[in-house]
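In the two complexes that follow, subunit A is the common piece, with subunit B as its partner first and subunit C second.
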Partner chain A sequence: MLKRLLGIGVFALAAAAWVQAPAAAQTLDKIKQRGVIVVGTKADYKPFGFRDPSGKIVGFEPDMAEDVAKKLGVKLEIEPVVSSNRMQFLQQGKIDLMIATMNDKPDRRTVVGIIEPLYYASGVNVLAAKKAGLKTWEQLKGKKVCGIQGAWYNKPVAEKYGAEFLNFVGQAETETALLQGNCVGWVYDDTAFAERLADAKWKDFEMKLPTIMEEPWGLAVKLEEREGPWGKFMTQLSQEWHKTGRLIELEKKWKIPASAFLKKMNEEAKKAKS
Partner chain B sequence: MDFSPLWDWFRWLNGATGIKLTIFYDSFDRWRFFYGFLTSVRLQATCLALSVVVGVVGAWLQGARSRILRGALQGYIQFFRNTPPLVQLYFFYFALGYVLSVEGDGGLRQTLVSSFAWAVICLSLYAGAFNIEIFRAGIEAVPKETVEAAEALGYSRLGAYVYIVLPLAFRISLPALNNNLVNLVKTTTISYAIAVPEMLYVANQIWSDEVNVPEMMNVLLIAYVSLVGVVVLVMNKWERALRVPGYVS
Partner chain C sequence: MLLPFRLARPAEPVFSPTARWGLMLIVLFALSVGAAEAQTSAGQPGILATIWKWTPLLAQGFALNIAISFLAMAIGTAAGVPLGICQISLLPPLRGGSWFVTQFFRNSPWLVLLFYCMLLLPFEVNIAGHIVPIPGWIKSTVGLSLPVMANMSELVRGAIRSIPAGQWEAADALAFSRRQILWMIILPQCVKRMTPPWMNLYAILTVATPLCSVVGVSEAMTLTRDALASEARNELLVPMYLYLLAAFFVYCYPIARATQALEKKFAVK
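The block that comes next holds the complex of A and B.
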């Protein structure tokens, strides 16, 4: 009986591996044929990707997607993704390109094709009530903190500082849980908090801890197309974005505090030209 | 007992075949998956017991003389039976949770009811509403003559319910109850939406960190097949033990 059960398990694993086998179709050809590019971005990450009052997804990343569509001369379609499904959507071909605030991590590089140069960078911080008086990361030990399902640093922060995570699917649920007092603070990208702290709704909150685990963000294509025409096209466009200062322009447009990362990348790209 | 050779075998399995079962060789993942399993079992056991209690008490109240009581009970059944459990869970956690939060020490807002407790309350009431109807069907199947005979012998309404009607009704209801309880065990997975660290929630965290979705899906399936298998086994044993020869089936 046990042997048979084990056999079924192995079969299921093998079947799952088979489903993941690379599809032969080239994304670039597919996009041109369809006349439409489908880009996965966040829809709950102000100001990088969010819904405007009319329900349209706008922001820093949708603007980048717009640039890609314009360059290809095709129509743009935006598919909202969340952290826990963005890589699967890309693998399944549900989206052609993913620009979804994803940190570049070695184990993610074995799953999706992360394009270099990387386009942004963020670190990890805690948004907490001023009254909680958080000064150091060590104070989180044994305390309940809120987080987002699928963020890579939930595990290291839990391991290193002993925080107890309550993770939700999107930012709206997490925000509500924090405001209601389900947790002392919210562990997330510092870039997501900068926008909030400027809002009167968050006047009793602060972000006082030093930012840790600063990591760049990468946009991604299917793993097997990283070196193909589609991946090369995106690499070239990314270089252009840095060189022309387009990303800094977008940063200003969406009123994001200027990041040192973009400035450095812009200077390096300019130097490489001369 | 030292399990490390077993864990090492799973590490080797990952290197050799790419089957990444971190819940065996990564101590952090192992601990949290085990804790998730325990949380699932605790949640399921608590909800099973409470929902049966709700069912038994509710079915009795359905025969109450007070019209207000019957009306209130009917309202409860309709509300919980006709709305999706996920919506109820969100409603309890995010809407009622706010009403029930207080200023704690240092002026920090604190909630009085944890997400685990909300999941227990919500799922017990949800499955309880179904159980009431299941028991009602059983009670109505008990012959009127039997109840009249009990009354003739001087039983009160409660006495007749506890000693005569319920034991018979329970036997008639068991197959349907069995069904509903199996469903309840599986429904506990939705509590991952309000961050109850049960198995699906933990598996979701692990596959987000380790990018091993197919492996964790298989682990979840096997874990649930075994958990539900245990419930079905116990219920079937119970059904057989309670059988009154010549009465029902």
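The block that comes next holds the complex of A and C.
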């Protein structure tokens, strides 16, 4: 019996040695070899990345991913990611490229290779009930506000302004909590609110505070490939996106309110050319 | 003749408790749709129409839940039965080892095991030069099969224990070897005893599959959330989640009924 067990153990070890994780290869070579690029985008962040009823992930960021695939001449595969797993997926190599509404933060730059120029920018604001009468951020002190789990600014807003956070997983859950009056306001990306305020359902709400902590969004490759061929390829494509106004075009296509950031980047890129 | 004493059977309620829950679920769903319909702004499609629009996608996700539950149950059973038999082994290291493995996985939170499998298993493996991708749902299936294995192991051990010791002794007296006793006399009787709790375990596993949404698998729960995000209508929240709940109920309820029927059939009269 013991001998047999030992045999099984040896076999298992041999199998483990035979079946091992592939050695790290250059992503660009890997994509070309496979003929498929895997891009991680959000699937729950309208209009940047969301599902249509057929299950396809569409939006601003999937369109960018499509551009990348077209330029490489490979097929595109979109992998839905969330804020808590997007960086791990990239590190593991599960995705080749991440375009997932990620703010460019110094600590994130030590984990993933954020490509410059950055492709979008958003700030933090509060969608609050009109009757709350919020005029300044300081008024949030001791008040309950709703937030989304994993957003980087929850902590600074809580510490700086003394707001108490009730955090939820998705936007729909947070909306419900806000409409039911569980919190005075919702602290989130201003880009997410602009679309809502146009809807009659939100007529009792406003976004009156000045936008703070404006942060650009970065797409990312593996950290060690930022300066490699794959990183360079994406840098070049990002410059092209700004120069040709492609991102502004996408912004219009997905009915996102025009952002000052994209306009500025477009003008600067054009100037650099001439 | 003196007939054996029988207890009068209590009258069966019109609806079994579970069926009552089911009815309540339907009523709740109808109420939530009604309430949500009232909040719908003019010009927007109705709640039922919206849910119907997303149904094919949600059904796809639900099919993945079922596939995960089938596969995890198969792996868990295949690994749990030998593990359970090892628990009654006469070899102390084997007995101790299998006891430890069983207790470890039986008392670990399922979600923690899922996270471990998600992070520790590679996303692709190189089998003799071929790169084979391991999708997230396979990894989470492995993660879910670990607690199933441990529970199965305990079921097997308990079932073997529940066979009266007299059977071992009688078989021993008839010169059967230990292996023969186990395979030909004890285990066949255990199968019958283990079936109802095994089905129970399956139902528990099935309702636990939405846990996979936490680790990013596109199953029914994830897709429901994505659909909600895409609609950006908060009044859909309650009906959509109830819809998902109802799907699981409709799937698991017959299993619960079948388990009850089997239990009744196998009960010692």
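Quick note on the criterion: the second predicted complex is superposed on the first by the 251 of 274 C-alpha atoms of A that agree within 3 Å, B and C clash if a C-alpha of one lies under 4 Å from a C-alpha of the other, contacts with A are read in each partner's own complex, and residues count from 1 in each chain.
Criterion: a residue touches a chain if its C-beta (ideal position, glycine included) is under 8 Å from a C-beta of that chain, and two chains touch if they have at least 3 such contacts.
Just so you know, these numbers come straight off a predicted model, no measurement behind them.
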{"item": "Subunit B versus subunit C as contact partner of A:Q88, first or second or both or neither", "value": "both"}
{"item": "Partner chain in contact with A:I114 - subunit B first, subunit C second, else both or neither", "value": "neither"}
{"item": "First (subunit B), second (subunit C), both or neither touched by A:M207", "value": "neither"}
{"item": "Touching partner for A:A269 - first (subunit B), second (subunit C), both, neither", "value": "neither"}
{"item": "Partner chain in contact with A:P80 - subunit B first, subunit C second, else both or neither", "value": "second"}
{"item": "Which superposed partner A:S54 touches (first subunit B, second subunit C, both, neither)", "value": "second"}
{"item": "Touching partner for A:V184 - first (subunit B), second (subunit C), both, neither", "value": "first"}
{"item": "Which of subunit B and subunit C A:E159 touches, first, second, both or neither", "value": "first"}
{"item": "Contacts of A:I31 with subunit B and subunit C, given as first, second, both or neither", "value": "neither"}
{"item": "Subunit B and subunit C contact sites that coincide on subunit A, given as residue numbers", "value": "5, 19-20, 88, 169, 173, 176, 179"}
{"item": "Touching residues on subunit B, where the partner in the complex is subunit A", "value": "18-19, 28, 94, 97-98, 101, 104, 106-111, 115, 193-195, 201, 204-205, 208-211, 213-215, 217-218, 221-222"}
{"item": "Subunit C partner contacts - residues on subunit A that touch it in the complex", "value": "1-2, 5, 18-22, 43-46, 50-55, 80-82, 85, 88-89, 92-94, 169-173, 175-176, 179, 195-196, 199-201"}
{"item": "In the complex with subunit A, residue positions of subunit C that touch it", "value": "39, 41, 53-54, 56-57, 60, 91, 94, 119, 122-128, 131, 215-216, 218, 222-223, 225-234, 236-238"}
{"item": "Subunit A to subunit B touching residues, read off their complex", "value": "5, 9, 12-13, 16-17, 19-20, 83-84, 87-88, 107-108, 110-111, 129, 131-133, 146, 149-152, 154-155, 158-159, 165-169, 173, 176-177, 179-182, 184"}
